[in-house]
Every structure is written in C-alpha cells, then in structure tokens.
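Here come two complexes built around chain A, the first alongside chain B, the second alongside chain C.
Let's look at the complex of A and B:
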C-alpha cells in the first residue's frame, strides 16, 4: 500500500509520548504491532508536524479507496456532461460521426423558437410542481396515519411502499389498464358510483392526460415520501405530543402547529428527490406513448430522447439535455449548499 | 420503550375515532393494491373473461386460464436471464466501489474530502438524459471484444456494456448509502486500530468490511431493483435483440399485444417477479435504501 512508503509516525515509540491513549498501554503491546511491515522512517518532530504528516498519510492512504470510483464518476458523470455540452454546440445530426470543428449556439437558438420545446418545458414544470406537492401531501398523510401506534404497522408500510419497487414499464402497463376508457377499473368504478360524467379517455384526452400521468406517478412515489416522513416523525421526541395535548390542543392542531413544522428537513430532501425524478421521468411515458406523448403531455426528458434517438438530431437533443441538466442543477445546487452549511455532508 | 408505548396508548385513547383511522388505512391499502390486484385478476382470465367482467373481479367459472402466463413467460424468459446476467454484476460492482469510496471519504480523515464527496452526491441526482448522447458515442468507440479477449464477450457485448454503465452510474448512490452507515461506526475503535499500526487497508478488511454486512444488504437490494427496473439505458445501449433485457422485452410485448390485457398483465408480473420477491423478502432493507437516497 502507498501508505507504507511514508511510514507512519504514530507508530514511532517516541511519538507515543504525545498521545495519552498510547502511553497508557503496556509497553510490550507496542512491539506486537508489526503487521504492515513498514518501518517508521522519520523520527518525531513537533506535534504540529506529526499532525501534518498524519493527515498527509491518511490522505495518501485514502486514495486507493476513493480514487478509482472517483475516476469512474468523473468520466461517466462529469466528463459525459461536458461532452454533451460540446456536442450541443457542433450542429451534428444524421448517421455520420460528429465533427468537432464549428461551434455555435444554433441548437439553443432553435430551442427558443421551437413550440414543442415550449410546451414540453411548461409540462415539465407542471409535472414537477404538482407531482411533488401531491406526493409529499399523500406521503405525509400516510406517515402520520402509520405513526399513530397502529397494529400491523409493518404490513401497512410494506404495502404502501410496494409500488416503488416496481419498474415503470410494469406500472405503466398496469395504469394503461386502469385507465382503459371502456373496461378499465377507474371508469368502471366511476360508473359504479354514478359518476358517469367524470369518465373519460384518461390517457388520450389532452385535458387530463398530464394529470392522469401525475396521479399514477404519485401512486408510485407517495410510499417513498411516507418512508422519509416517518423517519422525520420518529425523530421528534414523544413528549412534545404529550405536552401539546396537556395544553389542550386537538390532534389536528398538534400536528399543524407542533409536528409538521419540524419536518422541514424531511420535506426538503424528499422534495429534491421528487423534483429531480420529475425531470428525468422517461420510462413511464415512453411505455405509454412511445416517443410522441402529444403536446399536452410531452416533457423535456421524452423530447430529448425523441429528438436525439428517433430523429437523430444529436446536437439538438444534447441541447435539450443541457437544459435538463441545468434544471436539475438549480434544484440540487441550493440543496447541497444548505446541507453543507448545516454540516450534513 | 414501554414509556413511549404508554404515551402512544394515551394518545390512542384520546383519539376520537380509532375506527376511522383504520378505515383510512385500509382504503389506502385498496388504493395501492388496486392496480396490482386487477392486473393479477386480469392475467388469469380468458379474453372473453376480462371483457365481460370488472377488472378486479376473479375470473368467472370457465374463464380461468394460465395461458397468458405461459405465453408471457415464453416471451420474456430470455429477457429475464439477460436481466439477471446484467444486473447482478452491475449491482455487486457498484456496491463494492461504493463501499470503498465511502470508506476513503468517511473513515479516513483528510482535508478536501467534502469537496470530493459533493461530486459524488451530485452524481446521484444526475438526469441520465444529459449523458445519453456521449454515452452512446463512448460505447460505440470502445471495442469490448478486443479489449477483453474472452470468447463470450462478443455475444454478450450489449449486456456487458449495459452492466458496466449501470455499475458506473450506481457508484454515487452506493457511496451515499455506505457513507451514512460508515459515519455511525465507532470512531474510537478505528482510531485504536490505527494507533496499533494497522494500515488503512487492514482496517477496511478486518474491521469495516465485516461490520458492513447490513449496509451491503441494503445497497445490494436497492441497487439491484434500480438496475433491474431501468429501461432508458437499455433501449439506448443494447441493439442486439439476443441481448435484450426484460424491461425492453416487456415493452415490446405490450406493443405487440395491443388490447390483450390478460397477456400484458401476465407479462408485467413475470417481469416484476424477481423484484417483487426481493421486496417481499427484504422490504426492510429496500425501505432503508429508498430513505437513504435523500
């Protein structure tokens, strides 16, 4: 290991003088510590220089562990994002190979005047907002219900989280059947309770299409929000409930005034995950609609795939991808910064 | 614990209507299971059966059949095998790399590790669309069979490509999961081993790795589900039909049997079966993985 090259000053018996814990050990034990085979090369200096060397050697020692994964992440994540940005500038389309000679912002200018980009952009924002708020609300409700000291808590929790373990390909097929206009469960149930007026072709009616997608995605993700909120709820000391109850507050008031305000961190982290998911949601829509969900349900992630991999307008697709990346960054940037400020990274 | 239970008990007693609580809980169970239940019921009906009955009703007499499951299984079996061949190495690889990097970034102390960590964490949230075009370019430039001169590489090129891709993009989330666990390890124990002269590698092998079994379980289960369920990378990176994974095969089955809902539902269940089994057996670990993503 690299660490051996530098020796480890903390092994030097002289250094032991500066370390209370080490000094308290019987001297014989020190002689047994010879597993690494490296000998300490430098003798002790001042405490400060020992500390520096210790830090340095921990850094050097740590490289073999995080180095290779970091290189992979560097290439596949950051290298690819940078490459994508370059591709978006070179006006590449069709079956040939890209030529990295002429750079221009033409793809981005095209975005600004492309009506399908405009509608996909707004649909993405609607999806992001409504889906996030809805999933958070349902997840919070579930978490509060589960946290009421119920029986079979684990079973309920397992059932609510179950959709999250399924592929979007699977859930899209289920929901296409649920939404079937003639014999699907939703319309059958609506007719059953006399609400025939509400029945519609959920996945082809442009007025409700996007909402139908959001509802199905909420079904899949609310269990996730429940898990996050449940962890948040469990971290709140029980006596806070009790104190509020003694003050005579109703259950609803206890939750609204005391409990929910303390769930800010849970809300934030769940919201970030949901919003980023909304930006990359692709599989579910692709299974339902292929590359053409129609103007009322088109979102940027589907548009990116359609433009690049169906129409082979690589640079234009890369430009859409850059927009998506920027949107994701604007969600996670502030979040990571806040986490960093709170020392939670 | 009993004090907490007492308090919960008091709360429960004050609660105006316990029955309403359970009514809502069961209504939500119905909501979450309805798509699966009606899918399951439909999958065992004949075509006449599912057209004549409501979706959630069990098949009427004489309309019960497992034919749809048979067809779906025949159609998807190659995809199931391919998905397993692809997902297991990808999962193991990213879990191992995640464990290593989390150790290097958590239990070893050095300046600047937060900066490296931020790059990993941000990677968790990457929309894959923003790397798709370069990724396709990258893999078309890499000639795997000549890089790895083994007989099987040529015929499994698509699966190997997909597996390596998933392994690489799985590193950030695996690192985050392992890190949150390694941060709770007893600092003094590691420090003591260090003072005893153990190298970082020895500490990892002798102390950290044996303690990592629970978090390996969480990460492997969560990551396996993620990799198994993916469609986007598979449709972009795998062109050879013999290398098709199960999500792609299921999507094609759905497209080629329009309106044969019994077949579509059976196919959905066949493709989901491995993840469902994993979820039922290891729900606790899956929940931890899901929660750790935030």
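Let's look at the complex of A and C:
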C-alpha cells in the first residue's frame, strides 16, 4: 500500500502512459511474490511486505538518478533564495555576523520611500519592455528578410547572430567607444551627414542614457530573436503563403494576417528569454558605469549590487534581490503556465 | 463563367544548357464550366502547369488566357481564381469562419454583412455550418477537406484549381468526396482544373482528361476516348487498371510475332495499319483477353487462341485478375468474372480477339491502330 502510494505520488500525470509499460513487468513479478507468500505468512507478513514494496517501488528505485541533482539544486538554488529572503528580514548591516533574532519588514518599508529604488524600478521596467519589444521587432524583420530566399542567406544569418556570442564586457566597451561624444562612430557619422544637432554625449546625457543602453543591448540580442523567428517561419508550410496570395492578400497583409499570428510560440519563448535577461542585465551596465550609473540609468540589479557590496547594507540589498526575484517569477510564471496548458510540460 | 486557354505553355527551371523543362508546349482549351482533369505520373509537370495557371509560377513561354485575356503577368490575386491545395493550407490560427471570410475580406469590397451571408450560404451548401466556429486543428481530415473547398467556393471565382485535393483522405471517404465534388461542380458550373495522379479519379470525374508525361501533353480527350482510343502507348498504359498488356512484336508476313509462342495473324484495318512497319507493340486490355480452362474460348478466331499456363490468380471479388504465361511467349494479364474458378498452375487456352487489339509503333509509341468499337454503345467522342 505504501509502495503504491509512493509510486503514484511521484509520477507525473503526463508520464503515466510511457510508464505503464515498464510498470507492468515489476508489477507482474510482485503479484507472483505476494501470491506465493500469502499462504505461508498471512499474519506475520505485513512489515515484510511494506519493506518489499518500498524496495520495489519506482520512487525508491529511481532516487539515485534524480536524488543528487535535486539535493544540490535544492540547497544552492532554492536554499539560497530562501536564505536571501531571511537576510532581508533581519536588518543586517556592515561587517558583523548576521543575527537571526529580530525579524521585521523594515528593509521593504525603506524600499517604498527610497527615491533611488523608485527610479531603478521604473528604469528596469522600461528596459524590460522597450528592449524586449524592440528586439523582437527587429529580430522578426530580419527573420522575414532572410526567409525570403535571399542570396548569402547563411552568411547574413551568421553576421546577425554573431553579437550574441560576444561577452557583455566586450560589447559594453565596444559600445562605449561607439558612443564616445568626441571620437565615437555615432557622433562622427551624425556630423558627417550634417546632423550635428543630434549629436550628444550618449552615455552621460540623462535623457538618452537608458535608451542608448537599450539600443546597444538590442543590437546584441536581435540576432537571437531572428534565429528563434526563423525557426518559427521555417515551420510554416509554403502553401500558407500561396493560399493567402491566391485569396487576394498583398505581401504585407499575408504577413500581418496569416504568418505573424502563427509565430505566437516563437514570440513567447524569445520574449521570456529577453525579459529574464533584461532583469539581470548587470554586467553591461557595471562595465560601462561601475556601481553608480546615475539615477537615469540605474536598474535594480545594479542597485542590488551597490547596496549590498558597496554600502554593505546586506539586508537592504537582499530586499532588492527579493523584488527582482518576484519580477522574474512574474515573467516565468505565466510562461510556464501557458506551456502547461498546451501540454508541453 | 470563364474559358481558360493554355497556349503553348512552357516552363523551364534554370537557364541555358542546365535548364530543366518541366512543362513543354502544352495546349489545352478548357470550355466554360468544363471539368478538366490533368493526370500523369509523379513529376510529369501537372502541378507546375496548375501553378502557372494560378500565378504561383511564372510562365516561361506561351500564354495563359482567361476569357481571351492574357493573364501571364497578373499576380495570383488578380486572376479571379480559387485554389484547393493538397494539404488544404487552412490558416490554423483562424476559425473555419475566419478561413472562409479571409479571401472575401482581402479580394472584395463586400461589407461585413454580405460576407457573413456568403459564408453562411456556402457553409450550408457544404453542410459545415456547425463547424464554423471551430479551428482547423479540431477538425477531421474529411471536414478540413470540406472547409478547404468552402474557402474556394465562397469566393465565387471564375475558375477552380484543385491540386490533388482528395489524396489525403482514406479510400472510402475519397470515393464519397469524388461523387460529391462532381455534383458540386455540376451545380456551380464553374470551370475547374483538377490535378491528380490517380487514374480512377481522372476517369470518373473529368469531362475531359489531359494526360501529361515528362512535361509533354500526350492526349486531351474524354475519359472513354482516352481509354478506348489512346493516342499512344503511354496513355494506353496509364489509363486503366490493371493496365493494358503490351507485347513487343515484329511484323512477319502480315502476322505479329513474339518468339515461337505467339504468332498473331492480322487482317483488315489492322493489317493495313502495320504495312511498312516492322517493330510493333501489340496492346490488349486485360478484360478483353479471353481465358478458357476447357477448349477454345468462344467468339475468338482459332488463329488468335494460344496455349497458356496460369501463374497467379488474384481474386478481387467482382473479378479475378489472372496472370498467364505463354510457353515461349510473353506474359499476359487477364480479368475474368469473379465467380469463375481458375486455379494457379493450370493450363488454359487464351484468346485475343482481333477487334480488341491496339497496335503501337515500337519506336515512337504512337498508336497505329485502336480497337474497333463496332459493338460498343458509346457516344461518338466529342472532340
């Protein structure tokens, strides 16, 4: 009975079908054993049969395979998350050891009134949305262009994807040069075509700073979106295009009404990756600005690092981290739920 | 309401000496309201021909005319045609209603009410009203097929183009849809070009059939004419199931000879047709081959009866397909009544009636002589 309970509780409902075949063999054996034992020790056999069932249950048998990774992930991921939550509640500052005595929400109350948290929070949201939407749009455009059977298709695909393979440290320095107000390529080019009015100190001007960062990140990530969309486009049969053309739709309308609506799954998976990245876009800003990007470009991940490791306000930093964690959950959660609804989990 | 003409239509893929000729100088004139079936083996160019009519492929040479107007340069949207695809190509993210509305929304100026009305009407005609709010993913193969038809019909085009629309259905549904499609085409009276590789569909559905092989048009004729008066050996072999028996023979002293086992004397028209020819293919349809287990088959002249051994009998229920070997001669296939008992390995007498034979030139494949239809109650071929 216990064995059956274990066996059932552990099993994922989706795996039931595939398990059925494997289950029948040990099950058959089991029945033979209990039949054999039933006449000899009907009264004394309960303990022994629980042990036998435990030993034979799939749950127990499979522990060596999923047990070690589950323990490691449990301690180092979920344990760390929980510990972070605890630290955010104990008001731990400076170089001393944490004392787990007073628990309070003081750090979170402080967040609500801290103007630098407010601006970092909004900047993170803006980065999240604008960066994601722009990268998806550019990626989709590139994917459609490449999917139209152009020459040197593979070359272009590689060129567009290449920035993705570079380290953020490299691209941050690279873009710092690009944005350099005096000798940077962007201002030089603008001056070259007589658009001097548009030149600015891209990474110092508080009005454009955040968007300069978003643009650089978009450059790096739109290639990834392109690859995801290209895979989605390749999965749509050619006759969808042909049927829509015969139905009288122009090329633009074919894409708007027939093709792009079918890319929902691609959009969703690319968007989740981009959003999660946007939340933890730490290294790019840290390389450009250090711990203090200024209020107009500050984001939560940089603020978290600054508060914890620069000002040694461990609990306050942990509170910022908890907010980031909640934001990441709110991105991943709906995605996982949608995947579950579609039966892919 | 449209007459569709293909005038010397040619399609070449690639340039220069590497070019592949997919369709070579095809001429077909399809009358208003006619149901023309384009049939041929895989890769014969039938789908390419259809796609040229649809505007999905450019025409390398020649002209496609709709009601006398050249439409080579028009895009698919401007041709007033509707197409049914083999895969149906329904838009998976739209409901059936959305699928049927799409063409009207994109190609006409009708207002929403008029579009709804047309969609409802067509859905009622095809008996798919209750499916209108479902998505294609939730439909069975047969239902999808109907929706694909509905999507074409609702637009009331000048011509329907159908690219093997029934090939994804199971055999039973296919024969049912075959009848239904014919009925529908009769009611709508819209010019239709139907592509298939299935000679049964070609025979049963078309007003006329156009047989293509290797990009070349072999014959355009009514189904019965193609069956009884094939223009060449390819058509004779392609149309009819089991296919026609072919025996490679040489002409010696007014008789066809194939080894020692088969010497077939010719007379009358047939003899005239082979005058001057030396290498001739003798063709005879399986149902015309007479098989008799005891004595000579009746109604066949004795010089046209041969000894044979029964190799294999395939019972089909309504008929038996009998595979025969002539000693020192060729193999023949015959179909006989399903109730006759014929055992494997027995000896039989085989008759090939003189009026049932077809003769083809062995080099060119052209028909020299076709069977006589004196005894047939057939309408004169209307060509």
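Assume the second predicted complex is superposed on the first by the 283 of 345 C-alpha atoms of A that agree within 3 Å, B and C clash if a C-alpha of one lies under 4 Å from a C-alpha of the other, contacts with A are read in each partner's own complex, and residues count from 1 in each chain.
In this text, a contact is a pair of C-beta atoms (placed from the backbone, for glycine too) under 8 Å apart; a residue touches a chain by one contact, two chains touch by 3 or more.
Here the structure is a predicted model, which is why all the values come from computation and not from measurement.
**Q** After aligning the two structures on chain A, examine chain B and chain C and state clash or fit.
**A** fit
**Q** Considering only touches as defined above, state whether A:162 meets chain B (first), chain C (second), both or neither.
**A** first
**Q** Which partner chains sit in contact with A:342 here, chain B, chain C, both or neither? Use first/second/both/neither.
**A** So A:342 meets neither chain B nor chain C here.
**Q** Determine, under the contact definition given at the top, whether A:242 touches first (chain B), second (chain C), both, or neither.
**A** both
**Q** With both complexes overlaid on chain A, does A:279 touch chain B (first), chain C (second), both or neither?
**A** In the superposed model, A:279 contacts chain B only, not chain C.
**Q** Looking at A:257, would you say it contacts chain B, chain C, both, or neither? Reply first, second, both or neither.
**A** Once the two structures are laid over each other on A, A:257 reaches chain C alone.
**Q** Mind telling me which of the two, chain B or chain C, contacts the most residues of chain A?
**A** Comparing touch counts on chain A for chain B and chain C gives B.
**Q** Minimum CA distance, chain B versus chain C, superposed model, integer angstrom?
**A** Taking the overlay as described at the top, chain B lies 5 Å from chain C at its nearest C-alpha.
**Q** Under the contact rule defined above, give the chain A residues that sit at the interface with chain B and also at the interface with chain C.
**A** 239, 242, 245
**Q** What residues of chain A sit close enough to touch chain C in their complex?
**A** 237, 239-240, 242-250, 253, 257-258, 261-262, 264
**Q** Taking the touch rule as given, give the residues of chain A at its contact with chain B in the complex, in rising order.
**A** 1, 3-4, 8, 10-11, 19, 21-22, 29, 33-36, 38, 55, 58-59, 61-70, 72-81, 83-84, 87, 98, 142, 145-146, 148-150, 154, 156-171, 173-178, 180, 183-185, 188, 219, 223-224, 227-228, 231, 238-239, 241-242, 245, 251, 266, 269-270, 272-273, 276, 279-280, 282-283, 286-287, 300-301, 304-305, 308-309, 314, 317-318, 320-322, 324-325, 328, 331-332, 336, 340, 345
**Q** Looking at the complex, which residues from chain C come into contact with chain A?
**A** Those residues of chain C that touch chain A are 54-56, 75-77, 81-83, 85-87, 89, 91-93, 102-103, 106-108, 151, 155.
**Q** What residues on chain B touch chain A, complex-wise?
**A** Those residues of chain B that touch chain A are 3-5, 7-12, 14-16, 21-22, 24-25, 28-29, 31-36, 38-39, 42, 50-51, 54-56, 97-98, 100-101, 103-105, 108-111, 113-114, 116-123, 125-135, 137-138, 165, 168-169, 171-172, 175, 192, 194-202, 204, 225, 228-232, 235-236, 247, 250-251, 254, 261, 264-265, 267-269, 271-272, 275-276, 278-280, 283, 286-287, 290-291, 293-294.
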